[in-house]
Structures are given as structure tokens and as C-alpha cells.
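Next up: some structures, all given as C-alpha cells.
Paired with chain B in one complex and with chain C in the other, chain A is shared by the two complexes that follow.
Let's turn to the complex of A and B:
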């Protein structure tokens, strides 16, 4: 690079400072001995999308927490519209028009969509809720986010993760925001919903709202952002206009080291394929329709398509969770009946599932790393009725080392680890069962770039060791980068199977939308 | 300080607080009468407390899963009635009195477990229904009168006698606590119980047979209640109607005072033992001091609420 980053950085911040809506100067925050933010300067303006990039632990979350009033800075000033402000609580920030939309869903599952949207200030008088007004209000907001198909009276519990996130966004919109913070808000979304969020963001930008956009997905940022700021080690290392730097330059700024290959190289297949998992004519209710698919040992097969096209159900069916599944499943040529997860993990079958929701389905957050890791395989370490701690710990130690899980020790509560390390614990749990067939349901959601890379490398390494992997991802780049083959789902059936050079974004998008393979799609441009 | 911290590895804060409250109660009591700190009195509490303590260990197994067993009162009564009834059917009956009563407890507990695990009926509802059914069966069997059968010699020995000055009831309690501690801390079953109590879905998706674990815990709770009924009948030399009624709430309170989370996933056997002891001593002191019944109820309730506030706060700060 010819320019010095510091100079351009200063220039850029100066430019922004001419009409900043929000300006932070010299903001610092320490947690105990750890400095989360170190004298950070930051500014964003109205009518612009400002992307904040950085690895987990770079200080992004702390920045957002300070802006939305969740924590108070130790040092520094914050100006909002030229006025010095200091928020004591999130409600305080909200009164000033700052609204955060977080990855952690804040919805109450057993209330209706409309009740959730109007939770804090339902329309009405004297403590009575005006239900007609509430419905109108909710309907209006749902229409605005392009989700008019969600019925306001529906219970949130019955919505898919993606739809819940859209309700979350609608709820935030109801608060007359002047500054919206979207923290990984699209990580649970795919296809159509992502597009709706894109167009919503563009509309909000045109209405003069300032938008802070945090995402681990580079192509989203390339598509949406006006300005970018990169954080590393609690500092704002660069602020620049979108497009000023290439992806690899940005990634280098984020991790402070060279970032060569995001995805491990795909091996050229030489050996004759040996199918490890064969699925034939699998059907369930009206969600899986006559799916046939096979995965070879050593192969990574991606499941693509829009969210909710039966990919999740296919995993649950293979893992023995669903009742009334018809069709044949063969493992290493032998037909198997998997009636429960316990059967699935048995030696004869050897299927493991890394489920969609790491926090409620995958891990038991209040329990320790050790208890979580050995939960699925504990039977192996029993001697004379008792758990043999020594052999249990030895095996866990091997997994921790193999995946470089960063935890002080295995007695640490899993909930205190970063998302990436949690996901490694979850994968390690299943590796300990000796499963040879891995079902991965969006395993990199909400995880930082560095850890994502480690997980890609691990997947490839496992495949090279002969594991068969079915990999569902909502991120096209991952499907393209990781998979030997990709099966695109549409309406519960495999619409198209792609392999080799056919695995490109254009084909994936076209098949996801059930378009003719030759049809043109805008999304194709985003592919690199 | 160092020593306290080392102690903290074996005993959690709520239990430690409960121990402190017990000591405080005894100290305050000693101003009233020196008897409260005499070994005789304390051993007597360990004997009386065994009935509650045994029930509470069963309750713990169920509470750890995030469930509750409201069939305790009549399973206790059934244990006593079935043991005394069997004990009066000749020599064979006398020998099998206790196993038969435990079997009855096991069966009722298993029914509870099946209802919760297989039929998926909330335990609060299902066990309450089972309690009523068992009550009906017992009334049917006895005709509503106090049964005339005497407790067997073994029952009386277990509940009333002592070995080297230590009440046998206390030893039974201790053995049961050790067994429960062994299961919870050292076996896969124990891990599964904590895992299910914290997040049943994640445990299920890890291939844990969650139904079997639920059924086991309820069956164990049923057996504990029946055992307590056997001992209680041995202590009173006979079974009587509603003999289990006073034990339901103290048993749950004892478990919670001992640091267990009523929503499941957290709790220890040691805490449960200490909690049961605290309640036993509290009730005994209130009655010895001849506090009027009304005031006794109020004091009892207030102290339990205060203890729950303390251990409840504990849970929130350490979570």
C-alpha cells in the first residue's frame, strides 16, 4: 500500500466530522485489566450506512454497547447532533433515537408478533390496550420491512429464526430511530429476507437515518456500506469510503496479519467414490419431498437454497428427531433406521448433528466445557459404574488441542467462551463420539473471520480423514468455497445438484429461486 | 480466608449460609435453654430429621430436572401402610414388608415418570393427580380408619434404635445421601440429570435418553418417599392416615434452601441434607419454646421465605 493508513484515517474522520450525527472522541473502556476500547475516535453521519468491521474481541461490541447505552465509557466524550450526551440506560439512548437490533433475539416466544412489537408502549389508554390500533401499527411496520405475509396475531414461537429476526427489525423500526445499529442482524437470514433488509436499509438511508452496520459478511458490506471502519485490539485502525480498499486489504487490517486463503484448497478426487451416506426417496410431512442424495466418505456436500426449504428438516430426519419419516437411509451400504439421536450416534450409524441454535440446542451454556464435550460420549469412559475422569479428561484434552479451543481450562463454564470457541466445543463433542457422518447446520453463524477459517480448515481435515460432511450454510461464499458438491433445496426437494466449476453464486441463486439455470440474476455480480 | 476458599470447593454458598443459620438458631436457642446445644438434643434432631431428609433427597432428584413431585404425601403414607400391612401376613410378610413398600413406591414413581416423560403432562399436574389416586387407593384399602397393623421389628429398629449412640434412622439417611451423591457426581446418569435440568433439548440432541432419565428420577423419588413412610411407621409403631401430609412443603423448601434451583440444573445432596436439617431444627425449636401454633406457622413461613430470598439472590449473582 502506498498511502499511510493513519493519514487517510485522520482525513476521513475530519471529513465526516463536518456534519457528524454521532461523534465519539477519546472513548475508552476497560473491564478489569482488559482494555476493550482504547481512546477511540469514531463518527457517523445521517443518511449513510457505516460498516464496522473487526474480529471478535476487537471492540465492536463494546463500541455498540456504549452507543446504545448498555455500558458507560470510562473516558471520552460523545456528541449527538452536536450536543454532548451520556446515556445511563438503553432506554435513555432510545429516547434520543438510537435503536439497536441485535443478534440475540429479544422477542418473547409465547406472545403474538403484534404484542412483541408493541411490548414496551402498547397503544391505548388508562392501561387498556387498543388491540385494533396495535394490529394496525404492527401491520404497518411488517409491511415496511417487506414482511406483510407475517400475520400480526401469529405467535412468535411459530416463526422460523429468519422470520423472528425480521419481526425484531420491525419492532426496532417502531421506535422512530435516528440512528439504527444492526449487529449481525442478517446472520440468521437468507435469500429473500436478506434482500428485504437490504432494501429497507436503503430506504432508511434515504430517509436520513444513520445506520451502523456490523457484519462478518464481506459481500454484504461491499454491497451496502458508504463508509467502513475497521477495529482491531480496541482501536479504530482505519475509516475509509467503501471501495477504497480491497477485501483482502480490509481483512489484513482486521487481523493484522496476512490472510491468504479463506478456504482450504479442495482436493482433486482420485479414489473411486465410496458412498458413506445414501438417502433415497426421503419424505416427511409436506416439508421434505422425495429427497435422494448421497455423500461419499471424504466429501463435503453443501445444502443450499433459501432458508426454510427443508434443509433443517432433512437434518432432523437423518438424526432421528422427526417422527413419520419415509424412505431409505443407508450408512456404508447398510440400511439403517434412526429413531432417536441416541440411535444416530450409535456405532452402527455414527451420525452427528451440529444444530442450528448453538445456545439452546447444541450446548448447555451453564455447564462446563468438560461436561459439554463429553455429554454425547460419556458412556465410553465408564468403568465400574463410574466415569473415569482420567480417560475422559485425556480425550477432551486431545480435542481441545486439535481444535485450539481457547479456554483457561475445561472447568470453565461454556457460556463464558466466545461464539467461535463455543462452536468448536460443540463440534468437539461430536468428534468424541467417533461419528463418521457430520451434519453441520450453519456452523459459522455469528462467528468471527479468524474462527470461521479455522472451522473451514477443520472441516476439510475431517473430510480428508474420511468423514462425510453435509453442510448447510446461509452464506453462498461458504458453499462455494468449502463444498465439493452443493445440493440446492427448493420447497422441500433437491432442485439442482452442482459440482466442480458449476458451484458459482449465479447457479446457486438461480436454483434457490427455482429459476431456469440459464436465467439471469443480479446476485451473480456479487460473486468474485 | 484460604481455608474458607478451600471449603468452598466442597460446599456452595447457599449451603454455607444454611449452616450459618443452623448455628445461629442453636445459639439463640441456647439462651432459652442449654438443652438446645446438648448432644442428646442434636442427635434427636438427626433422628427426627431423617424422615424429612430422606424425602428431600428424592425431591432433589426430581427438582434437578426442573420438575416437582407433589405425590409425596400419599406415597409416604402408602409406604407406611403397605409395609405394616405386609408385615402382618405371617413370617414371609414380615421379611418382605420393607421391600414390598419400596416396590410400591417404585411403581408409583415410575407411573409419575411415565406421565411426565412419555405423556408429557406437566409434573405439577400429573403428580398431583397421582397423589389423589394413591390417597383414594389407601382410603379404599383401610376403609378410612387407622390401620391396626403393627410395624415390624425391623421397621421399629431402623427408625427408633441406635448403634453406638447414633440413631439408625440417621445412618439410613447418610447412606442414602452417599448413594445419591455417588450417582449425581460420579456416574453418567448424574451428568445427564444436570444436562436435562439445564437444557433438555440440547441433552436430547446429544443422544441422551431423556425419557429414561426422567423416569429413573421420579421412580427414585417415589422410592425415597416410600422409604420415609416405612421409617415413619416404624417410629410410630404403626401407619396412620395422612401421615405424609406434613412433609411435602418442608421437603421442597429444604432442597431449595440447600441451594437447588427450582427450575432445574443446580443443586447438591449436601445442600439438601443441610436444608432438611435446618427445617427440622427450626420446627423443633419453635415447638419446644411453646410458641403458640399461629405464631409458629408465621415464623416458620417467614424464615423459609427469607432463606429462599438469600439462596435465590445467590443464584442470580453467580449465574
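Let's turn to the complex of A and C:
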């Protein structure tokens, strides 16, 4: 991965404004006994993309929460354009031209796209909204982010996750920001929308906006950033120009481990395949079109392609969430009809789904680690109408140890754990059901590198123990690193199946864009 | 075309409520022995407008994802205040009206302050304040009584231009002066935002507190208008707590029939008005068909269940069961 040469215009702006636009000195923040930020110094300039890297819990979130006025620091000073500032609320920060685009979308589902874009200060007079001006304003911004196809009057709740994220970006643009914070802004996007965001970021940088870019995707940072800061344990351990350090050096700064061994070895498959899950001619509405796919016991099969090509629907169909699915599903050779998640997790079927959104579909955040982990398998521990706490706890203890879940004990509330540990609890919950077929829907989304690595290793270990895994990921590196085979989806159908040495980025990209075999090599280069 | 489709998709509930009411009222008017008589229309309108106003008040709170159990109590409290203040010289009457409306708005503001700054659930706050407002009403009118300016009362409860009930004109005026500006204002939008996704609204820089305070205060004002209006109808004040309770529960029913989501963030007062009219037409209909009034709560329950079920019909059409939970 190489650094993109900085545009001459942007360089000129940087030279003009060498003084930092935002400067933090000695910023500290404690939550109870935990120090989230410890006397941090940090600065960013106009017309530059400043990447912030670090594992979950390193202090990145707290840093951007302080900058965007969500929390107040306990200590330290903040200078904006040379003036001392202190923000009590996000509204305060916005008045100063600081706008955050957060992982947790700040959109109102029941309002229209245009109402969301103009939420805080719509065009109008005396507190009344000028609806015609609002529509023009929203339409203009949607065009600017390359989403002119979104109708401004549509309710946000009717949009896909990827489209919502684009609306979120359009909304931030409308605030004439001087500093934009993008927190994992591309994690819900792939393909086309990511490209739109890239070119937008470059345009904003050239217009002199300061951009703080938080991402777990190294290739994005290598592509976009001018400067990088690495956070570890609440401290800014290094700030440097992009390209000054290699990826593996940066990762070592973040976690003190080598990047090389991120993905476990793929075993050479010698035994005759024994399909654990066979899908034949599966169709649903207009979202899944005649999909046939099989997964052997001990195999990890990746689902690739752009976002929203039917991968999620395939998981939901297999898990019994969708109504009116046609086609055949066989588990260990026996045909099954899965009409609900309850049926899916039963002994006869044994399918588990780790859903896309762990915070709403996966875990019950206000409940404890214990209650979450045994939720799907609680029936196993019932003796004489009562829950046998001893055997429940014993099994939970085994899972906590196996997954090395970092929690003080199993009575802590799941919502207080880091994202990575939450995801481990979620996977553990499904392993406790004894399912032999695991459907993983983007399980590493928004998780730090260290935990990702643990999840990759766990996936391989489960496969070696005979579990069949279907793995959807929006990150090509993961598909390449983890999967024995990859099925690329396009428009609800499997466009291409890759295996062995064919699992390389340009094949995945080409098939994702549904390009002909002849055009594969060209497009592969272009995508790189 | 797309604009029309989107508008219909977002407004089908109040349209449906309007159609149901129109159908019921047409049945009543043709079947009823009284027929289309001006006096019948006046009475029907007077009965419906009080509930419609309280339902509008309820809508404002429900939009912010709350519920106002004190709406009916503010209504009887302002009724009792009106029966004491709105009398005498035209100046006294005007001043009295202002006092009544102020009392209503103040009661709503109190609810709002407790919900916003006390961080307390609206259901329990308004249960408590409702009792207090009911107590105040009893203090003013231990027994039903009092009086009100009768000329004004007769004017407001009869009809204009020979056939149009004045109460409907009054309701229209309230819609135009309170609801429409609210719907078009920034703070109104912020109320919807706070009800739909409070944390997202906060993160967008919306002043959620201010929005909610405005919603609760306007809600109190509307309940106050209802209390004032009912005094014109009855010429007196009555602190009966059962009336307040019935109005509160009926207002929630009317809001639901009108298509406003109890989960906040979606719906509007126009639907609630039709919801209130529908509920009120039920007893008139029963009368027209010669059925005993005992049947009234039964039919109200059926209509309410029907309205809620209409919203649930989409569940049978859902092909992705996860959408049930959204």
C-alpha cells in the first residue's frame, strides 16, 4: 500500500495554515476509576486529513467525543483557530463549525431525508421552515455526495444502512463544517458508496476543511490520510506524516504485535467433502435469486460482493426470519424447513446467526454477560422447571475462558464492555446452543485489530472442530485471509465462486461489479 | 408522482380516520330520526370538539414519546377556573379567558419541567400532577356550580351562517393558530425528532429539552382551551374526577385511532381530531339505531381495537419478520 501524493492545492493550503486549527493540550478524562484519556496533546490542521488509529479502548472515542462536545474533559485546554474553547453540548461544537459523523447514526428514522439534513437549523424565518428551500438545499447536498437518486421526501427509516450513512454525510456537509470528524464512516459502506466518500473527502480537504478520520481499515488510512496519530491506553503515542511508517510498524505501535500473523493458516483440505449445509435454488422476493451454495463441515465460506446484494437476506432466510422463501435447504443431507430462529437453533437444524447489528439484534445491552450468553440455550439448563444455575455457570465459564472475554465477572452489564468483548459474548451465546452451522454477518465491524485477530483464530478453530461457517464481510482482506472459498453476490445471485489461489482482491472486485471475465484484469488494477 | 406516493404513504392514517368518521357520520345522519337538523349538528359538534381539543393536547405529548395522563385533569381544572373567572364586564371576561388559558399552559409547563429536568417518565409524572390538578379543581368547585358569560357561551355553542357549528369554526381556528404553526416550525420538528430518536436528536445538536417543554406547554394550553370551551357548553364548572379520567383515556384512544404512533415521532393532530369525532359519533350512532347507551363503551373498545389492528395488518404482509420489531 502506498501513500497518495498530496494534491498541490491541498499542499498550498497546508502551507498557508501551518498553525493548527484545533489544538488540544493536556486533555484528560476519567470515567469512574478508568482513565480514558491521560494528558493528551493533539493538533490538526485545515486542508488535511488526520487519521486517528488505535485499538478499541485506546481513547479514540473519548477524544472525538470531547472535540464534538458530547463529553467534557476533566482537565486540559482546547484551542480552536487560536481561541480557547469549551463545548457543553454537540450544538455548541456545531456552532463553532465542528461536525461529527458517528458510527451510531444520528438520523431520526421517522423524519424525511430532507428534514434530517436540515434538522437543527432549517432554512426559513422566525422559527418557521421554508419547505421549498429545504427541498432545494437537501437535493443539492444529496447530489454533492453522489446520491441524487435518494428522494428527499422519503422517510429515513425506509433507507438501507448504506444509504442512511450517505444521508448522514450529506447532513454534516450542510452545516458548513470547518472540522469534520468521521468515525468509522465507511464501515457500513462498500464499493460505490465508499468511492463517493473518498472523492468527497478529497474535495473537502482541498476546500480547506480539517478532517479527523477514524477507521480500523488500514488501506483506507494509507489512501486518504495526510497525517496519522496512534493512540494507546489513553495516550497519543505518536503523530507522523502518512507513509513515514509501514502498516506493520503502525500496528505494532497500536498493539505491540506483528500484523503478519493476523490471519491463521488455512489448512490444506484432503478429506472428501462432507456438506454440512446445502442450499439449492433458494429465492426470496426480488432480493435472493436462485442461490445454490454448499458449505462443508470444517469449511469457512465467505460471502463477498457489494453491500446489499442479498448476502444479509440469505442469512435471514436460512435463519427462518423471512417468509415466502422457496428452494431447498439440507443440513447434513436431510432436508429442513426453518420457519423461525427458534427452529433454526433446534438440535435437528443447529444453525446460529451472529447478526449484523450486535447492539440491537445480537445482545440485550442492559442485561448481564451471563444472561446474554445463556439466552439462546437456557432450555438446556432447566431441571424440574427451574434453571440449574450451577451447570449454566459452568458452561458460561467455559465459553468466557475459551473466548478470553475480558469482563470483571459474568454479572457485569454487557453494554459496559468494549465492542470487541461484546462481539465475543454474542458469538459465545451461539456456541452455547451447540450449533454446527455458523452464519457470521460482518462480525468484525467496528472492532479493534487485536480482537479481530482473536475472532479470526476462533473461526478457524471452530472450523477445525467440524463447524461449517458462512462468513459475510465487507472487508476484502478478511475474505481473502479467512475463507476457504468465497461466493461473490451480485443483485441477489451468486456471481462467481472463488477458491484457493483465485481468492485475490482483483477477482473479488471484478465479480462484485459483475464485470465480464475478459475485463477482470483491467478492473482489478483500477480497483487497486 | 413520487411525491404523491410518498405523501400518501406518510399520511394514510389520518386520511383513513377521516374516511371512517365520514362514513359513520353519514350513516348517523341518514338513519337517525333527527336527520340533518342544525340543532343536532350543533350538539354533536359541541360534544366532539371538547374531546378533539384534548386529543390534540395528547398528540403533542405522545409525539415526544410521552403520554399525558393529566390532560383530562387540566381540562376539568380549567373548566372550574373558567366557571369562576369568565364572567362580568367584557373586560373581566377577556381577562378571565387569558387567566384560564394561562393556567392550562402553566399546568402543561409543570409537567414538562418535571419530565425534562427530573428525567422522570411522563406516565408517572402526569399521573401525579393529574391528581394535583384534580385537587385544585375540587378546591375551586367542591360541588358543581359557577357561571359563565352566557351571551358568549350561546354564541360559541350555536352556529354561524345558519348551519355551520361555531364550535367547529373554533376548532379550525385552533388548528390554524396552534397546530399548523407548530407543524411548520423548527421547534415542532424537533419535538418529532426527540420522540423518534432522542439520542440521535441530541447528537445532531437539537435542544431536546426546549422542544419537549414547548410540546408539554402547548399541550396544557390546548387542554385549557378544551376546559374553557366545555364551560361555554355547560355554563358551569364540575370537578368530577371521573370525567377527567374518561377524557384522558378517550383522548389516548382518539390519538391512536388517528394514526399517531405511541412510540413517538410520527403522526399528527389532524388524525387525532378525526379519531375524537369517530369516538363521539359512536354513541350518536347507537342512539340512532335504538341501542342502549350501555353498548357505548363496548363499541368504543371495538373501534379502538379495530384501529390498532389496522396498524398491525402490515405485519401479515411482512416477508422479513425482523421488521415487526422496528
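To be clear about the criterion, the second predicted complex is superposed on the first by the 492 of 528 C-alpha atoms of A that agree within 3 Å, B and C clash if a C-alpha of one lies under 4 Å from a C-alpha of the other, contacts with A are read in each partner's own complex, and residues count from 1 in each chain.
Operating definition for what follows: a residue touches a chain if its C-beta (ideal position, glycine included) is under 8 Å from a C-beta of that chain, and two chains touch if they have at least 3 such contacts.
What you are looking at is a predicted structure, and each value in this text was computed from that prediction instead of being measured.
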Superposed partners chain B and chain C on chain A - clash or fit: clash
First, second, both or neither for A:342, with chain B first and chain C second: first
Which of chain B and chain C A:121 touches, first, second, both or neither: second
Partner chain in contact with A:321 - chain B first, chain C second, else both or neither: both
Chain A residues touched by each partner, larger count belonging to chain B or chain C: C
Partner chain in contact with A:363 - chain B first, chain C second, else both or neither: first
Touched partner set for A:504, first chain B, second chain C, both or neither: neither
First (chain B), second (chain C), both or neither touched by A:108: second
Touched partner set for A:154, first chain B, second chain C, both or neither: second
Which superposed partner A:90 touches (first chain B, second chain C, both, neither): second
Stretch in clash, chain C with chain B, out of 43-51, 187-195, 205-213 or 295-303: 295-303
Chain B/chain C common contact set on chain A: 321, 340, 361
Of chain C, residues touching chain A in the complex: 2-3, 6-7, 10, 181, 184-187, 189-190, 192-193, 195-197, 199-207, 261, 264-266, 318-322, 326
Chain B to chain A touching residues, read off their complex: 186-188, 191-192, 194-195, 198-199, 201-209, 265-266, 319
For the chain A and chain C complex, residues of the former touching the latter: 70, 89-91, 93-94, 100, 102, 104-112, 115, 119-122, 124, 127-129, 131, 151, 153-155, 157, 171, 284-285, 313, 316, 321-324, 340, 361
Residues of chain A defined as touching chain B within the complex: 319, 321, 340-342, 344-345, 353, 355, 360-367, 371, 374-376, 378-379, 382, 385-387, 429, 433
